[in-house]
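You will see subunit A twice below: alongside subunit B first, and alongside subunit C after that.
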Partner chain A sequence: MNKKALSLVEITISMAVLILVMLPSFLAFSSGNQGIQMTDYEFRAHNAAIELVEQTISLPFDMIKSGQYDESDIVDGANFADTPAVFHLSFSSEFKPKMLIEDIIKNKKVVFKKVTVTINYPVTKLSKQRKDFSVKVIINNDSV
Partner chain B sequence: MTLCKKKAFTLVEILVAAGVTAIFLGMAVSMFIGFGKNFSAGEGSAVLMQECALFVARLRNDLNNAVKDNTNSFITIDENQIKLNVYDSEEGKVKPVIYSAVPQANGCYNMTRRVANGSSRPIVNGKIASFSWQLKEEVISTGTPPIKSIKRYGVEIDLKMGSSDLKNKSFDFKTIIYPIRVNKMR
Partner chain C sequence: MTLKLSNHNRGFTIMIALILGTVLLVLSVTLYTFVSRQYSGMNVIVNGEIAHFLAETGINTTIGTIRDSISNNLKSNSENYQKLRNIFLSGKSLKNVCINDLLDSSWNNDLKAFSREVDKTASIEVNVYLRDFKQSEMNPNIWHDPKAVDGWLVVESVGEYKKIQRKIVIKRAVSVFNLVPGVMGKFSLYLNDSIRKDENDYNIIRNDYNGMITDGPKPIIVYNHATPEYPVEPANIADVLRDERKSDVWQQRGWIWLKGGKTRLNLCSGSGDLGEFFQFYDVNTSNVFTPVKFSSPAQNLPESFFRPITLPWDRSSISVKNTAYRFWHSFVLDSFHDRSSRMLVEAMYEGQVLSNDERLYYGSKSSILHLFGDARKGFQSRTRVIGPVYSAFVRFAYLDVKPEDSDVKNIFENNNPKPIYLLRSLPKEYYNDSVAINEFAGRKVGGPILKTGMLFKDYKEYSALMSCIVELPYAESYNSMQDVYDRKADRVFPTLKKVLDLDTNGESVIERNGNTFYKGKPAIEDSLTLIKQRVQNTFSTPKEFWKKYLNKDGELELDSVVCITNSNNEEFVVPPVGQPQPLVVKGGGIILLNNGNITLRGISLANTSETFTIASTAESKVRFESTMTNMVNIIAPKAQVDYGSKFELFGSLCVKNIYADHRFQGGVIRYREAQDPTHSSYDRFYKVFIANTDSYWNE
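For the complex of A and B:
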């Protein structure tokens, strides 16, 4: 009676094939989790941008100083430009804010100010990849 | 008499094959358990994040439409309740809106929202582990003549989401909401 049994090489190859087949399902778990982390960071970046916009537009129009502000200017407790108003930030240092305030002039008068807030944030906790989230608002000069 | 020639595994072959299989399976099982744990933790956090986002968005919308009343007040905040006067642009009316944190048997809170004399509607069902909210009033001098002092209001919110059915999962969130209408009413 001549029975052919499986060789060690065959068993090893079949195990490797099985692992390769299983790998996509493991990766699906991993990418699902990564997606949730991305949503978390996007949500926080969105909130950080709204928070900065709201506190800026809550100031009187003439106190909203035009210019470009980066993360070294936008610091919790630091003054906004040369005004007595201070920044209040509740987001962590992983989120890097930038703000651009531009005048919109009509008949030599500033009628609107365009505020653009950009938050640079990490895509996930361990990732070095970063993304930008921007919010733009136009503020009306009530005195014109 | 003929001898039957059977080819079988040797003990060494079986032991090596079993060892290799055990290593592969061990790796696969530990990967599966690790990914599964991370996924379930992430999934639980996603549920909490979603509930938190809905609550904060609703409160932000109400605060941004809040207006001052005859007594120059727009909000009353106590330990478990926020009362505000919100301008409803659809009806052109100011309506009182009340947010209440209702303690539950599991130690967590429900968050409900009630408009005028309507019934309380739940926004978050028992997934707030702890929270605090506080009104911040900041007096800012305009600096340029004519110098005047203005007030900038902000509502500081600190939420810790979690619940007993989502063990070991939490979602912490902190923000300040600046009520735009109120801050523009100077």
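For the complex of A and C:
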């Protein structure tokens, strides 16, 4: 009696079917993984921005010194401008913060300050591509 | 071992591959879907946070403008102010009213520009609402003011970013009420327990016949209506005189309640500032007073007065003669005086017209409380007096003698001065039918030789008409003054026209324009309850209070209702030592003191739309240390007005009692008519209080 083995045709067809099915699966996995990484970084960038904004707007109005601040100024444990306020930052060095504080003057008085915090962050872990995430807020001078 | 595959097993590998492929496909699709959803979920959170910051920016940039706008509106007289004030004072239960149009709401344009900087999908909108306004003073047994409401000023900021919205709401408590201290605003003077030892306590002033006081205690004169002398809101004399004629003028004036035991106030003699003659004197001509001769009503007279009586005349030393006389009864009323040019004490008992018993019982000192203003036209200030309050005064009873015979009549009437027959005051034990009634100066004038028994059946008839010290409810003076204003001829006393009567109950209704503010028996505690409800801030010590509200010019910028617990019992000195006198009060307000004495050294209101009250729950003392005017209401049911400087109070004095002794320097209480809830001027004291602190809500 002849022993019938899997035919080459069968194997070829099976491989083809498997490849056809696996390809979108791998694409989907890859995309999902990238999505997770993007979401992770975007979320962390967002948190970093919020952290910085919250620490800034919680200061007394007079201590919010106007100016342009970058990653060399915004360092965990360092003082904010020349004030006694100290930054307490939890984000890593992959996230590059920038902060722009502008005076809004009415009737020769600084009535508001506009704070723009921008976090520059990598899209994914190994990616060289970077994105910016910004938050803007205006703070009221209660003493005016 | 060999693998055997039958014909029907062929295609097995493909099946495996298909199944495996399908499983992987499902897993990958699931993962993809999950990641996609997670991503969009994260976007919602992230975008929501940005929307939140946009909303916060909306609040930050507008809250100051909104506060200023409302505050400016309420201080100005603009059209918007009127509209805003009308909404606040509508007394309606407002559920949700947007008031952007009444404020400078250009902020939304500024916010639009800012949101465009963030993203083209970003937007910020800030709206201001009056929300959940409900009536707060609704008990007519305490105070019912339909315009008093509590609610919220709501600033609502909605930030939107990539279709995600976040709303931040800031609420500030708003209270609208009238700063007049409730039912006590209707009283000039309210003494919660006016008598401590006996009914004679307030009668300590030594004055002469003209009302001049040379030493010792001085009176408090209470003006229950606005007079031309008022420091603010002076009245026009013509208006006062016109109103004075109205028999129900008491309804438009500050009331007086002397609570507690019976109070007898000996009226002060004299027609000057301090005298209280005016109740019995005719005041037809400005500041010229003539005593009114009152006739006794016919029904009060014995039968002997209605027919001529033949009696021997008193000139029997010349010729003996019996002749007919007619008699009538009249009297003049006079007041208490202790001194005269002839007698330094108890001068009113000179001539023995009044009895020794009366001298012992009543004495000759007059009261420190002058409840009906002073004698000048326009300054007489009759009003409703509640409580067992009596006035004591002297009735000099005359027997009017008229000879029937013309010859005798000529002799009789040609005497100068005219013959006077007084019915002297006699205690019962001294009375009999043969007490002589002689001409007062002992002259022989052609009058009758008359004995009491010829006119009176018994002591009862005599005593009803004799001279004496009369004690009548204070209300009788009010009624009698109506006769003066009605220019009534042949006046009788007490007058037959009863406008007011003795009122020990005090049941009152205070209403205007169909609204009943109060119904019941007014009590200082009612006002105190109301003030406690209205307290907005509490301080531990007077020092803390002054630190908060005293400005750099030493003025009190209160504009609030505050409580000072003052558990250390520190004296509350107004103005504080070292600050300018008088203390200028801006914005009005009420201070509720839980402990400590109150010392007043002069208080002035910055403008007439303000009212200022100091209330106290403590068993304390209220002392005046300056002759300066104190424009303040004192609401202190357990406090005693202590002796100190002569004072002037412009407002309502509602305390437990007044400590009256030889050191009391007296003063003036000027009821502030504008505070009377029955007057439309009351409405000027409504205030809109917006709390200083915000409540944040994320919705």
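Heads up, the rule we're going with is that the second predicted complex is superposed on the first by the 121 of 144 C-alpha atoms of A that agree within 3 Å, B and C clash if a C-alpha of one lies under 4 Å from a C-alpha of the other, contacts with A are read in each partner's own complex, and residues count from 1 in each chain.
Going forward, a contact is a pair of C-beta atoms (placed from the backbone, for glycine too) under 8 Å apart; a residue touches a chain by one contact, two chains touch by 3 or more.
Model, not experiment: these values are computed from the prediction.
In the superposition on chain A, contact of A:Thr124 is made with neither subunit B nor subunit C.
Of the two partner chains, subunit B and subunit C are each touched by A:Phe26. After overlaying the two complexes on the shared chain, residue contacts for A:Ile138 are found with subunit C alone; subunit B is out of touch.
Once chain A of one complex is fitted onto chain A of the other, the partner contacts of A:Leu59 are limited to subunit B, with no touch recorded for subunit C.
By the touch criterion defined above, A:Ile36 lies against subunit B and subunit C together after alignment on the C-alpha atoms of chain A.
By the document's definition of touching, of the two partners only subunit C reaches A:Phe112; subunit B does not.
In the superposition on chain A, A:Ile11 contacts both subunit B and subunit C. In the three-chain superposition model, subunit A touches both subunit B and subunit C at residues 3-4, 11, 15, 18, 22, 26, 29, 32-33, 36, 39, 43, 50. Partner subunit C is touched in their complex by these residues of subunit A: 3-4, 6, 10-11, 13-15, 17-18, 20-22, 24-29, 31-33, 35-36, 38-39, 42-43, 46, 50, 53, 111-112, 114, 133-142, 144. Of all residues in subunit B, only 4-9, 13, 16-17, 20-21, 24, 27-28, 31-32, 35-36, 38-39, 41-43, 45-46, 49, 53, 56, 60, 64, 136, 138, 140-144, 150, 152-154, 156, 171, 173-178, 180, 183-184, 186 touch subunit A in the complex they form. Subunit A makes touch with subunit B in their complex at residues 1-5, 8, 11-12, 15-16, 18-19, 22, 26, 29-30, 32-33, 36-37, 39-40, 43-44, 47, 50-51, 54-55, 57-60, 62-63, 82-86, 88, 90. Subunit C meets subunit A in the complex at residues 2-5, 10-11, 13-14, 16-18, 20-22, 24-25, 27-29, 31-32, 34-36, 38-39, 42, 45-46, 49-50, 53, 56-57, 60-61, 63-64, 114, 117-118.
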